[in-house]
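In what follows, structures are represented as structure tokens.
One chain, subunit A, links the two complexes that follow: it is found with subunit B in the first and with subunit C in the second.
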Partner chain A sequence: MSVVIISSDRYHKGREIAQKTSEALDYALLDREILETVASKYNIPEERLRKSLDEVPSLLGVSSKMRALYLAYIEEATLAGLSGDRVVCHGLVAHLYVLGVSHVLKVRILADPKEVLRETASREGLSEEKAAKLIKRQALERQRWSRGAYRQDETGASLYDMVISLSQIEAEKAVKTIVEMAGYRKFKPMTYSIKCIKDKELATKVRATLMSYYPDVRVRADGTTVVVETNALKREKRKRTEKIKELAGRIPGVDYVEVHVVHDLLRPAAESFR
Partner chain B sequence: MNDRLDVLLLDDEPIVGKRLKPALAKIGCDVEVFEDPKEALKRLDEKTFHIVVTDIRMDEVDGIQVLQRVLNKSPETKVIMITGYAMMAIAREAMEKGAFDFIAKPFKPDDLRKVIAKAAQALGKPLDLGSVSGNAP
Partner chain C sequence: MIMAVITISRGSYSKGKEVAEKVAERLGYECISREVLLDASDRFHIPEIKLVRAIHDAPSILGRFSHERQVFIAYIQSALTRRVQKDKVVYHGLAGHLLIKGIPHVLKVRIIADLADRAANEMAREGVSEEDARSLILKDDEERRQWTRSLYGVDPWDCQLYDFVLRIHRLTVGDAVDFICEAAKREAFTTTPALQQKMEDLALACQVKAALIDVFPDTAVICEYGNVVVYTKKSDRSTQKLQKRAKELQKEIEEIKYIEVHAGESFPPEAV
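Now for the complex of A and B:
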């Protein structure tokens, strides 16, 4: 019983396929409904979380620093949902941070470009020519978003186990294909893959906690051991290490915290421009 | 009737067999340990084991070949793959070819005991792990 992550170049198309797939497999659907819980847990307007998933940082929108924090909160909730199996996940950009987990089947749905053009022109009241320009601009913006947020180009086919073009395969057949593929033995959870996702879950939980204090932290987990990397001046090293150990050590599931302080102060500055 | 499980353990690092054999014996397994895959294959031709635990990366014969050989002869045998070079592609390949489970090294003896218990359950020969605690083999 695997986990299926569905992403699409068109949110609503991806959601439709994800919902039908979850029904066909009798799996739970993990989608943006969890944002309400995240918003209430961290006392953030839900709209800000949605913007962090959809929009590139801007002066009037969400800053890159806050986007990174909000995405960490969303990842934390998503990974908690994915740590069981029998889940179809959509709309939480999990295809960009759930990497290397063998029982996760990742599917990219490409909407029919003609349908997208027609819908955009009608929704926006534009000529087809102007609608085509708008679609192109949105696609470039989305690429910028995924590169900025996760250093990945989500349009790259190598991120996925399967890419389905709805201009060639109709939605119902796409669902059937996904359901069939989810049943393959290679997507069966195993001790190793379950550990991979649990390690990611714990690392993200720690990162979400530490980021409010140290936005640059990078965290990885192995079982109950957590390794945190952060940038700081030499004179801050001891204080920061102690604080990180204290904060991370309080998180359930963490037995040991190792902190690596890196004296590379240009990195955070460079990252704030992403 | 002998309720013990016959387990073949193959790993080219001697320390692995040395540590795991007593850990598995405690939960009712009769364990034969091999470091040389060719010797292990010879033994597998002679005897059918309930469970085979094999490393993946070894010289001459790799764990995937062992897996296939075991399942060709005895499809009901549960094969558990262990490796220090765990990666998604190899994990998927092992599962696709019929592995029962896949564990990344390093692991604690208790982790393997749990997987062996799952395999025993699937074989209809449940083990009682209740009497074993801690991770020391």
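Now for the complex of A and C:
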């Protein structure tokens, strides 16, 4: 009755494995279909949410600030889905923000590089040499994305319990392996691990609400208590604290809001020279 | 009957050695690591310590002794491929996944552990402080990284090099052992007569390379069904010497059916 998070270097391969795993385990599949709900809830084009998951910020694409906001909305929806248990999650970069929950099994799937090369060359109409360069560039871009968005390199094995390369192992065997591993006792939910995921769910809910006002907020939750950290000038402290308490206090499940205002020393210093 | 070769790559204090030993015990395989260096030391009359340094220490900035390093690695590769051609082997030394080149049925596993867990293991075993343990582990990791990059142009931390990467943290040593033993039974990692031939060809190519490299450093070797081709980029007087030496080798190594030298050609990617 665990949660399985699948990450992959190729979206479609990861999705195929995630779908087969969810069928084999009889778990729900949580993937990019939830973006439609997120898009309608916050009135954002779905395409922008997809871009925020796939592309590095750019002048013509999504800005860094908007990407952080969109990712906060996606995190909120993902955590709401994961708190239900018996879920296989894929394509929502949950491996980068669902950390420290013992019943979450994290697996990374690496597609067969030869197959990727063949597919890319035929899809893009490129020679194998040019396709190899394109794949390398895409991989570097993806690394830049994960470092920029979550300050972590998603290609690093230490983020996962297991990495499976499909060079020698067929997709069906990989699925069987994940299913077996999900059955291990240590991936069964416990009271504490369930509480961890519920706390994360509440924290992401509060953060998604506050971020459109204060993009720098950091939120953690413990039961029904929420702790919010933000940077502000001394003179803004009171006003900001009250506003945060008001906004966060309206969210169901929040009983008490604690606000920590970190004084930004550099900004007043800069302002004093004006 | 299931027969496989398993290479287990590991960082220091990652419990990879323990995993390898238990896998070998469970499957009834031979577990090798230092034995390869001892074989190479015996066969090529090189002190073991020199071989250890060649395969462990990061190359110096000026690349001094790089030829000597290449020679020693060729000796180690030859000793390793000879050992694993018998099959039913678990190897947990350095760079096994790179030294056993181009053999598809070798199950390549990497065992990793978090720095905190590794430091705790080192503290318990060596009685050093946490700070010292962490810095020793990081230094060791960096040396291995540089070594692999300089010789093979790849990063040992790159997951693409392995069939599985397992993190010992929530997964225990026992889980990893169960998992590897199960994986080794899969068809993809079972030796077939064709794959056995490939392994024997690799061992023979490595043996020829080890015999040549000291005098002819700029050579690469491939072998198919006992037919050996030695490549050299040069095409000068030394080629004649190489051809002469190659003919001598045909008499010395009975597994060679035929040997020829291709001079002035670039090395094929599958060559050792």
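As a working rule, the second predicted complex is superposed on the first by the 264 of 274 C-alpha atoms of A that agree within 3 Å, B and C clash if a C-alpha of one lies under 4 Å from a C-alpha of the other, contacts with A are read in each partner's own complex, and residues count from 1 in each chain.
Convention: a contact is a pair of C-beta atoms (placed from the backbone, for glycine too) under 8 Å apart; a residue touches a chain by one contact, two chains touch by 3 or more.
This structure is a prediction, so every number in the text was calculated from the model and none was measured.
J.: Touch test for A:184: subunit B only (first), subunit C only (second), both, or neither?
T.: both
J.: Check the residue A:102 against both partner chains and state whether it touches subunit B (first), subunit C (second), both, or neither.
T.: both
J.: Considering only touches as defined above, state whether A:239 meets subunit B (first), subunit C (second), both or neither.
T.: neither
J.: Could you figure out whether subunit B or subunit C reaches more residues of subunit A?
T.: C
J.: Touching A:130 in the superposition: subunit B (first), subunit C (second), both, neither?
T.: The answer is neither, since A:130 touches no partner chain.
J.: Looking at A:263, would you say it contacts subunit B, subunit C, both, or neither? Reply first, second, both or neither.
T.: A:263: touches no partner chain.
J.: Output check: A:168 vs subunit B and subunit C. Expected answer is one of first, second, both, neither. What do you get?
T.: Second partner only, subunit C.
J.: Quick one: classify A:160 as touching subunit B (first), subunit C (second), both or neither.
T.: Only subunit C is touched by A:160; subunit B is not.
J.: Now for A:12: first (subunit B), second (subunit C), both, or neither, which partner does it touch?
T.: neither
J.: In the superposed arrangement, what residues of subunit A touch both subunit B and subunit C?
T.: 102, 184, 186-187
J.: Spell out the part of subunit C that touches subunit A in their complex, as residue ranges.
T.: Listed in rising order, the residues are 104, 107, 110, 112, 114, 157-160, 162-167, 169-171, 175, 179, 182-183, 186, 188-189.
J.: How about subunit A: which of its residues touch subunit B in the complex?
T.: It is residues 100-102, 184-188, 190-193, 195 of subunit A that touch subunit B.
J.: Within their complex, state which residues of subunit B touch subunit A.
T.: Residue positions touching the partner: 86-88, 91-93, 95-96, 98-99, 101-104, 111, 114-115.
J.: For subunit A, which residues are in contact with subunit C within the complex?
T.: 102, 108, 110, 113, 155-158, 160-165, 167-170, 173, 177, 180-181, 184, 186-187
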